[in-house]
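Below: a set of structures, written as C-alpha cells.
There are two complexes below, and they share subunit A, which is joined by subunit B in the first and by subunit C in the second.
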Partner chain A sequence: MRAVGLFWLSLRIGAMNALQYRADFFIQLAQSTIGLGTALAGVAIVFGQTDELGGWRRDELVALIGVFVMVGGLVGVVIRPSMERLMEGVRLGTLDFTLTKPVDAQLLVSVRQVDIWRLMDVALGAAILVFAIAQLGGRVGLAAAAAFAVMLLAGLAIVYSFLLVLATLAFWLVRIENILVIFASMYEAGRWPVGIYPAWLRVALTLLVPVAFAVTIPVESLIGRLEPTTLAGTILLAACFLVVSRWFWRLGLSRYTGASA
Partner chain B sequence: MAIDDRSPAILVRELRKTYAVPEREPGLRAALGSLVRRRTRQVEAVAGISFHVSPGEIVGFLGPNGAGKTTTLKVLSGLLHPTAGEVRSLGHVPWQRDPAFLRRMTLIMGQRNQLAWDIPVIDSFELNRAIFGVPRDEYRQRLTELTDLLELGELMRKPVRNLSLGERMKCEFAGSLLHRPEVLFLDEPTIGLDVTMQRRIRAFIAEYNSRTGATTLLTSHYMADVEALCRRVVVIHHGTLLYDGDLTGLVARFSPHKSITIDLEDGGEGLGERIPALVGPPEWIVSHAEGRLTLRVPRSETARLTTRLLANLPVRDVIVDEPPIDEIIDLVFAGRAGPAEVPPA
Partner chain C sequence: MSGRAPGSLMEIYRSKFRSEIAVQFAYRGALAIWLLGLLLEPVIYLVVWTTVAASQGGAVGGFTAGEFAAYFAILMVVNQLTFTWHFHEMEWRIRQGFFSPLLLRPVHPVHNDIAENLTFKLLTFTAVVPAAIVLLVAFRASLQPSLVDVLAFIPALALAMVLRFLVEWTLALAAFWLTKVSAINQAYYVLMLFLSGQVAPLALLPPIVQTLASLLPFRWMVAFPVETLQGRLSPSEILTGIGAQIVWIMLAWGLLQVGWRAGVKRYSAVGA
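Let's look at the complex of A and B:
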C-alpha cells in the first residue's frame, strides 16, 4: 500500500519533470513505434516462410512480442531509472537524503525515479497482447489468464531482484554505470521464445540473466503450455529472489560510506 | 534555560569510524596493477570520541576540514554504520533507521540539496509531506509558519534550479522542517551565503530552537554562527575530542594570551622610554602609537602586569580582553595550542 502510494508520488513528480521537456515525448514515441514495428516485422518474416517456430504459432508469438514490449516498458518506467539513480546516489553520496526518510529505504530507492514516457511501451505492448489474445480466441480461459497474471508478477519480481542485486554492487565497486546494460542487451533476446535458442544460451537466459521468466514463461502460461510444476517453481524462485536481493541490499547498505561533503 | 535532568537527546560513547581508502602509486602501470590487486589503507575518520547533548541544547561542533565532523553527523543521523562505539539519537540506535526515529530528526547539509531540481519548491514540499506522513492541516499550518519566518512567498512557485543559493537554502530549511523534527543535524548550513543571508539563517535557527525546543548540533566554519547560536562547543581534530564545554571556556583553555589595551593621559607624552622597561619582554608589545598601547601577554602574567602598569603610568582607560574567537580556533586547528601545552585557566 505504502509502495503504491510512493510509486504514485514518483509518477506525479516524474510527470511534472518530464512535461517540461516535450521533445522527449516525440523521441520516445518514435523509439517505441520503431521497436514494436521491428519486432512485429520479424514475426511476419518468419511466418512468411513457415507456420511454426519451435512449436510456437504466429498469434502466440505476437502475444510474446506484446509481453516483451510491455515488460520492457514496465522495467523502463520505474525499475531501471530508479536503479540508475541508486547507483549514482552511491557514487555521488546523494543517497544520503534518501536514507534520512522514515520509509523503507529499499522501497524508496526502487520507486524513486520514473520515466513516464516508457508508459508508451506498456500501453503498446498491452494493446498488442489484447489483439493477440483476441486472435487466439477461446484458447485463453480464466484460469490461463490468472496464471498469466501471477507469472507476470513473478517474472517482474525476479527481474527487479536481479537488477537490484546488480545495482547494489555499486556499494562495493562504486563506479559501475554500465552494469545494467548487461540486462538490457540480454533482454533483447527475450523477443523470441527462449526454447528456440541453443541449449547454452537457453541456460544463460534462464539462470544467468532471468529473461525467460519475464517474457517466455508468462506467455506459456497464457497459452496453456506451462506445467503446474514450472508454475509453482517460478513462484518459489521469485520469493527466493526477493529474499536474497533484500539481504544483499542490506549488506550493501551497511557498507555505504557516502561521498565526503 | 532550566537545568535538564532528562536523558540526553544525543549520546556518543567511544565512537570510531574507519574507512578503507583505495591506494595506489601514480601512473598507468600502477593503475593496471590495481585492477588485479587493490591495496587499501585504513583511514580512521573518527577515533573514539564521546559526548552528549541535552534536549533543547544548541551545540557547535567544530573542527578543521577532515576532522571527522561530517562523519559523526552521518553516524548520528543513521546514514553510516560506525566501526565501533555506542551511539543514541533520541534513544534510538541511528543506523537501525527506525522510522520512529527518522520522523523525529532532520539532516541539512549546506553543500547538498535534497529538493527536486526541476519542479517547483512547493511540489517538493508536498513530496516530503507524503513521505513523512504529515497530516494535511498540520502541514498547512507549519508551511504558513515557515513561510513567514523564512519569507519564502513567491519562491515556492519557482523550480529549484531557478533559485539563488541563499533562496535555495531557505527552501531546504523549510522542506526539512515540515515534519517538525526534534533533533536537527546541521552541516555547514550557511556555507557560501552572503553575510545578510547568513544572519537570516542564523536568526531562523535560533527562532526554531526557541519555538520548538529542538536539539541542534551545528557544524560551521563561520565563527559568527557559533558565537550567535552556541553556548557550548565540542571541538574535534584528527578524529579525537579536543574540547567540550562553554565557548568562553574554550577561549580560556586554548588561548595562552590575553590582550591589554591602555589609553594614556595626554597621549602618553614623554613616556616613550619608560614603557618598554615597564612591560618587560619586547615581544609583548603589539603596538604603541598616539597614546594607545596594545599588548599581547601570557594569561598568567596579565594581572601582575596590569597592576604594574596602572601603578606606574598615567592611565586613562584600560581594557583586558580575550583574543577574537577566530584566532583561537585557528590556533587550535593548527595544533599550535593544545590542552597538554596550556594548563586550564
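Let's look at the complex of A and C:
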C-alpha cells in the first residue's frame, strides 16, 4: 500500500514538473507516434513478402508490437528515470537525503523519478494491443487474458530487478551512467519474437538481458501458445529475481559512504 | 573555407586526431556499449529476413539467405563509416553555450567535427570489420563481387561518407532556431531507417518508397555502396549513382553555407 502511495506522490510531482514545459507534450506525442509507426511499418514490410514469420501471423505480431511499446513505456515512465537518479545520487552523494527518510530505501529509490510523458507510449501500446486482440477475435479467452496479466507483471518484475542490479553496480563502479543503455539496445530485439533468433542470441535475450520475459512470453500467453510449465517457471523466476536483486541492493548499499565529508 | 595554407590545416587535423584518440580511450566502456548496439541492429533484421527467405522456399525479392547475410554485413560497415552524431552534439552545444570557444578559433567549426568523426571511425573500424567477417561466416554469406564492383565501391563509399556528413551537419544547424531538435532528429532517423535500406534492401520495399529513396539523398548515403559491392548494379547504374551523390553533395554544401551564416547570426551564448 505504501508503495502505491509513494508512486502516486511521485507521479503528481512528476506531472507538476512536466506541466511547466507543455511543448514537451507535443514533442513526446510526435516521438511516440513515430516510434509506433516505425514498428508497424516494419511488420507491414515483412508481411508484404510472407504470411508468417517463425510461426507468427500478422495479427499476433501486431499484438507483440503493442506489448513492446507498452512495456517500453512502463519502463520509461518510472523504472528507468528512477534508476538514473539513483546512480546520480550515488555519484554525487545526494542519496544521503533518501536514506534518511523513514521508508524502505529500495522502495523510495525505485519510484522517485517519473517521466509522465512516456505514459503516451503506454496508452498507444495498449490501444494497438486492444486492436490486435479484436482482430484475433475469439482466440483470446478469459483464461488467456488472466495468464497474460500475470505474465506481464512477472515480466515487469524481472526487468525491474535486472535494472536495479545494473544500477546498484554504481556503488562499486561509480561512473557508469551508460550501463542502462545495454538494456535499451537489447530491448530493440524484443520487437520481434525471440524464437526467430539463433540459439546464442536467444539465450542472451532470455538469461543475460531478460527481454524475452518482458515481451515475447506475455504475448505467447495471450495467444495461448505458452506451456503451463513455462508459465509456472516464469512466476518462479520473477520471485527469484526480486529476492536476488533486493539482496544485491542491500549489499551495495552497505558499501555506500556518501560522496562528501 | 578559410584562406589558410593547406599545411596549417593539416597540422590542426593532426593535433585534433591525437587529442580525440585520447578522449575516446578514456571512455572505453561507453565505446563497448555503443558497439553492442551497432552490431545488434543488423543482426536483428538479418535474422528476420533469413527467416522470411526460409519460409518462402529459400529466396525473397531476389535475395537468398546468403545474400541477405552479405547485404547486412556490408551494411553494418557502411553504416559505421557514414553515421554522424551531430544532431545531439549541436543541440547541446548551442543550448549550453559551448559553441563559443569553437567560434573563437580561427578555423571553421566543421573542421573540428570532421576530424572528430574520422578519428572515431578509424578507432571503431578496427572492431567493426572483424564483426562483419564473423557475420559473413556465421550466416554463410554469398558474396562474389567482380573487380569493377570492388573498384566502384571505393568512390561510392567515400562519397556516401561526405554526403551523409554534410546532410546531417546541415540539418543539425536547425538547433540554432529550435530549442529541441529531438523530434526532427527522430523523424529523420526513421526516414533514414526505411529509405536508406537499413530495415530491408530497398528492392523489397513498395515501388513508391523505392522511387522516393532514389529521388531524395537517402539511398545514396547508405544503400548504394552496399548494392554496388554486392554486384547488383550495372555499370551505367553505378555511374548514375555516383552522379546523384555528387549533385546532392553540391546541394548540401550550398545549404550548409547558407544555414551556417544565418545560424551564427542568431547564436547568443547563455551565461556570463
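Worth pointing out:
Here is the rule we use: the second predicted complex is superposed on the first by the 260 of 261 C-alpha atoms of A that agree within 3 Å, B and C clash if a C-alpha of one lies under 4 Å from a C-alpha of the other, contacts with A are read in each partner's own complex, and residues count from 1 in each chain.
Quick note on the criterion: contacts are C-beta pairs under 8 Å (C-beta built on N, C-alpha and C of every residue); 3 or more make two chains touch, one makes a residue touch a chain.
Since we're looking at a predicted model, the values are computed, not measured.
Superposition of the two structures on subunit A leaves subunit B and subunit C fitting side by side, clash-free. Contact with subunit C, but none with subunit B, is seen for A:L53 once the two complexes are overlaid on the shared chain.
Figure note: vertex subunit A, arms to subunit B and subunit C, all at CA centres after fitting on chain A; angle 100 degrees, rounded to a multiple of 10. In the superposition on chain A, contact of A:V77 is made with neither subunit B nor subunit C.
Touch criterion met: A:L201 reaches subunit C, while subunit B stays clear of it.
Touched residues of subunit A, counted separately for subunit B and subunit C, are more numerous for C. When the two structures are aligned on the shared chain, A:V211 is found in touch with neither subunit B nor subunit C. Of the two partner chains placed around the shared chain by superposition, subunit B is the only one that A:M16 touches, whereas subunit C remains out of contact. Contacts of A:G5 after superposition: subunit B is touched, whereas subunit C is not reached. By the touch criterion defined above, A:T100 lies against subunit B but remains apart from subunit C after alignment on the C-alpha atoms of chain A.
Using the contact criterion defined above for the overlaid structures, shared-chain residue A:Q31 touches subunit C, although it does not reach subunit B. In the superposition on chain A, contact of A:A189 is made with subunit C only, not with subunit B. Following the chain A superposition, subunit B and subunit C show a smallest Cα-Cα distance of 8 angstrom.
Shared contact residues on subunit A (touching subunit B in one structure, subunit C in the other): none found.
Chain contact summary for the complex, subunit A toward subunit C: residues 23-24, 27, 30-31, 34-35, 37-38, 41-42, 45-46, 48-54, 176, 178-179, 181-182, 185-186, 188-189, 192, 196-198, 201. Within the complex formed with subunit A, the subunit B residues making contact are 19, 70, 74, 77-81, 95, 97, 99-103, 105-107, 109, 111-112, 114, 116, 118-119, 123, 127, 130-133, 187-188. In the complex of the two chains, the subunit C residues touching subunit A come out as 29-30, 33, 36-37, 40-41, 43-44, 47-49, 51-52, 55-56, 60-61, 180, 182-183, 186-187, 190, 193-194, 199-200, 204-206.
For subunit A in complex with subunit B, the touching residues are 5-6, 9, 13, 16-17, 20, 93-94, 96-97, 99-103, 105, 108, 254, 256-258, 260-261.
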